[in-house]
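Each of the two complexes below includes subunit A, the first together with subunit B, the second together with subunit C.
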Partner chain A sequence: MNILITGLITGSMLALLAIGFSLIFGVARIVNIAHTAFYMVAAYCIYYLSVRVGLNPLLSMLTAVAAVTVLGLLVYKFLIDPIREHEGAVLIATIALAMVFQEVTLRLFTGDYRTVDFLITGFFTVGGVKVFYQQLLTFGVVLVTLGAVWFLLMKTRLGLAIRSMAEDREVANLMGMNESRLAMITLGISVALAGLTGAVLAPLTVLNPYMWMEPLIIMMAVVVLGGLGSIKGSFVAAFILGFTEALVVFLVPKGAFLKGSVALTIMILVLLIRPEGLFGVSFEEER
Partner chain B sequence: MKIMTLGWRLALTCCIVMVMCFPAWGRTIKIGVIGPMQFVQGKGHWAGATMAADEINARGGVQVGGEKMKIELIKADSNEFINVADATNAMERLMTQDKVDFVVGGFRTEAVFPMQDIAMDYKKIFIDCGAATTALCTRVAENYNRYKYFFRQTPFNDIYLVRTSFAHLAMAAAVMKKELNVPIKCAIVAEKAAWTDGMIKAAQATIPKLGMELVGTWQPSDKATDVTAELSAIQKSGANVVFTIFSASVGITFARQAGELKIPAAQVGINVEAQKDGFWEATKGMGNYVFTTNTYCRGVEYNELTTPFMDKFIKRFNETPTYTAGGTHDAILYALVPSIEAVGSLDADKIVAHLENREYKVPSGIVKYEKTKDGKPTHDLTWGPGYLTSLGVQWQDGKLVGVWPNKWKLAPDGPEATYKGIVPMKLPPWLKK
Partner chain C sequence: MLLEIAHLNVRYEKAVLINDLSLHVDEGELVSLVGPNGAGKSTTLRAISGLVAWEREIKRRSAGGEIVLEGTVTFDGERIDQIPAHEIVRRGLVLCPERRRPFREMTVLENLMAGAYLLRDRQKCRGTLDKVYYLFPLLQQRSRQIAGTLSGGEQQMLAIGRAFMSDPKLLCIDEPSTGLAPLIRREVFDKISEISRLGITILLVEQEVGVVFQMAHRNYVLSSGKIIAEGTGQQLLADEVLRKTYLGL
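What follows is the complex of A and B.
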């Protein structure tokens, strides 16, 4: 039961991050290394608004997601768009951007660890396992968000346009779609997802300016494992790695710190057998 | 006339520039303060050093022979939590660019080792105010001519740190036996880091000798943000005491989640985050009853220097001094300056010869540098009643109070230690149900 619950929660967090990253890569071939840095910025916004300003925690979360989305759009307009055609340059620029976010956060909030309040305190027991209400809430929010993303992509005209762009940029361009505008909207959605991850995770984690690095590595592992650019692949791979992490913690207590390494090892093994990732081919066909 | 005016103006400008560039005409004693300045440890280094320097400068400076010299502090951000190379660069800069006379600070062992070597290359006295590794001082005994410029100010070495933690654990076990009359089952939870490896081995060997059953060892990542899995397993193991070894953010996560889930086990050991005033807020009050080793605690007095130092520090910085703050403060005010004045010189060799033989009082006890069995100086700190012991502190309803040493003896026939302000340890109420 413990493995099931921990795996579900970890997997859903990873899914939220990885889908946002995959989305912008699949649509615009933008490798946004700063993706988890946006998650960190959102978490700090919530800390600032709810703890220092004293704003309602829920309102703080909504404000933080909105602020991070706007920040993402500005970044796209002034940093990514001018160099978009050079994938390597985008990659390096977003690494630099993440470092800038980290350093600015360090200057503003120092390296001290920060926490924010749970929205709901207390816990309940399922099968002898204690689960925080906050974890349950987080899991619910993640499910709703993933459902909303699926609806947006599959049932709306915008989603159709995004999927068309992901399928073939040139043809979509020839069909009159504004590629740059779509890329900007997609980046906005992607960053909003990162912001939302920060918002739902902030109460469950300890904030520090380097908190973006660890999830970045696991998120990359999820994306590569699932198949670069594949949303479905990211979703499945997130839960595979989420359950793997939970298994390591429960079955090898003294090796709990190895959970990240085990996840990366699985990724490497899968890549050796299927270089395109678990769902690379099927997703290509699906697209 | 206009040319003359211009000439005078130029001369005046030159004078102003010179005055601005050289505000103090007399020579100053330059002390480098090195530490991770964006983190609480480095901020402590700087706070303690500035307090000591201001106090000395306010009384006219340091009497060096026939000359009064003021202290000038040079801040060096070692960034050692993130990059050890930054620490060596910062130390190198202090030596070559800032040309300091002395250095105080340092925190992470991995960074202090190379920093120590750089300072020794330049034959500059470097007083460690953060790293506990014994090997730093073993170097002094093994290669005295090279490493004699290195001294430890705080904390005492890791061997003594472990012995202190076991004394805390024994006291907690005694309280539990007395109040609950249950057999003690102990779980070890240590963050995965190099410094905890030796402590885990020592704990695994010592806990059964203390009459407790060891039920398991858990090692989450030092940055773990969720330890509910570990907590479930600990509860399942039947542990009623958790021996913690944490220095990083996992200390907050563990205490917060254990408190929130009302895990029926007392937390005793090392939790660096729990030493800070901000711990209560960081754990949202869930860190109640967490017990950790610490150097300072409001209301606890080691000697007559403690309260004036604490009051002054709290008034100025609005927080309890950390051990790094106390360390740099004592290194400048009680170690360096009296030795400089005694030898009447800034000559490092003369100061070393004087300092290593001194026994002096600081707000956290009495400093006496150890020697090996064959009499070689190690410049390490003497531990035990009458010297340095540190404290055992516990969070009790939002307040950090001192609970150890309470009639503690290192040896059955040795002196007893209890400091003014020590109160009894409390067990979490959910442990009694």
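What follows is the complex of A and C.
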């Protein structure tokens, strides 16, 4: 039961992170290493607003997501966009960006562990396991968000353009889709998703300036397993890894220390056996 | 004149792909561009639809190789050689690219709707979709099928249909018959003639000279990035040297 709950929650969080990461990679070929750093920034924003300023927790979450999105767009405009076509440079720039976020957070909040209060307290028991309402709430919000993202991508004109751009950007250009505008919008969505993940996860975890590293690695494993650029793949792989992680943590002695290595092992295995991942898209060679 | 290309030059690094090319297409015409492999036929279409400029921009930003693009392209009375690709479509110059390139993960209908991205008027979109379904009844039957699972011929129909959804004044089609069985080729060419009869101007790049010369009003023969002959199919076939050397007939 514990495994099931943890698996579901971890899986759905990973799905949110990985889909955001996949989206911006698909549309603009940006490998955003700072993706999970945005998630950390959002979590700290909430901590600052709700604990230090004393704002209503819900309000501070919304503010945090908005703030992180704006921050993401600014970073895109002034840092990433000018070097967008240079993959190596983007990689280095986003790594640097993540470290900047980390160091600034260290300065402002020190390295101490911080916590954010639950939005709703209380728990109920299923099969002898405590389930906090907060866990349920987090899971619910994540599911609704995933549904909204799915709707946006599959049922709207913007979603169609995003998918077209992700699959073949040259042809998408030929259909009149504006590449730089779409990249900007997608980055906004992507960072907002990272921010939202941070927002809903903040009450369930302890905050520290290094909290972006572990999810980054696991998220990368998810994206590799699901197939780079495939939204469906990210979704399925996120739950596979979420459950694997839960299984390892609960069933293997001292399993908590193995989390990262399990993710990396899966990543390496996938790369060796099936480099395109579960639902990999083999990209049309760009001439 | 709907389209006029004057003194077009395209160079990738040191390689000259298009060398001082000039041609024109009048409204309502079906004009073909033929020639051997590597003559620059596709590059010409890519240049007028803005893809060469797009590629140049990417190369410039990624510090890749140098692409030179010179000359003027006038479409419907307006210079379009400085306009980005996604704006050129809006003006009615639509390219159906080489190798079909459907969005393989999407359904047939989604592909067509992607083509209609700029048609914001629902009614007009619906009307254009009906026309495409009328031209290609098969696409209607398969509208929910994933495009990647269609056969080559079906994918070609889809690619043309998708380009048609962009509401073209000039439809440029790049090598539609490549990799298709003879019977299917015939069908594709028939469809292209049908679109031409609907009054849409077509610039067609093809290898298959025999069929194309019968369809097209005028033809340009391209070799090493230069136009070496122009005329109706009959005129061109009458030239013994041209026929043997460049057309392989």
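Details
What we mean here is this: the second predicted complex is superposed on the first by the 280 of 287 C-alpha atoms of A that agree within 3 Å, B and C clash if a C-alpha of one lies under 4 Å from a C-alpha of the other, contacts with A are read in each partner's own complex, and residues count from 1 in each chain.
Note that in this section a residue touches a chain if its C-beta (ideal position, glycine included) is under 8 Å from a C-beta of that chain, and two chains touch if they have at least 3 such contacts.
A quick note: this is a predicted structure, and the numbers were derived from the prediction, not measured.
Contact with subunit B, but none with subunit C, is seen for A:123 once the two complexes are overlaid on the shared chain.
By the touch criterion stated above, A:167 is placed in contact with subunit C alone, subunit B being left untouched. When the two complexes are superposed, the chain touching more residues of subunit A, out of subunit B and subunit C, is B.
Of the two partner chains placed by the overlay, only subunit C lies in contact with A:179; subunit B stays clear of it.
Legend: residue contacts after superposition of the two complexes on their common chain; A:206 is shown touching subunit B, with no touch to subunit C. Contacts of A:151 after superposition: neither subunit B nor subunit C is touched. When both complexes are overlaid on chain A, the residue A:84 reaches subunit C alone and has no touch with subunit B.
Residues of subunit A that lie in the contact sets of both subunit B and subunit C are absent, per the superposition on chain A. Residue ranges of subunit A in contact with subunit B, taken from their complex: 2, 6, 9-10, 106-107, 110-115, 117-118, 121-123, 129-132, 135, 201, 204-206, 208, 210-211, 214, 246, 249-250, 253-257, 259-260. Per the touch definition, subunit B reaches subunit A in the complex via residues 36, 38-40, 43, 81-82, 192, 216-226, 228-233, 249, 252-253, 256-257, 260-261, 273, 278, 281-284. Residues of subunit C that touch subunit A in their complex: 49-51, 54-55, 58-59, 61-63, 84-87, 89-90, 94-95, 97, 101, 103-106, 110, 113-115, 117-118, 162-163, 166. Of all residues in subunit A, only 82-87, 157, 160-161, 163-164, 167-168, 170-179, 281, 284, 287 touch subunit C in the complex they form.
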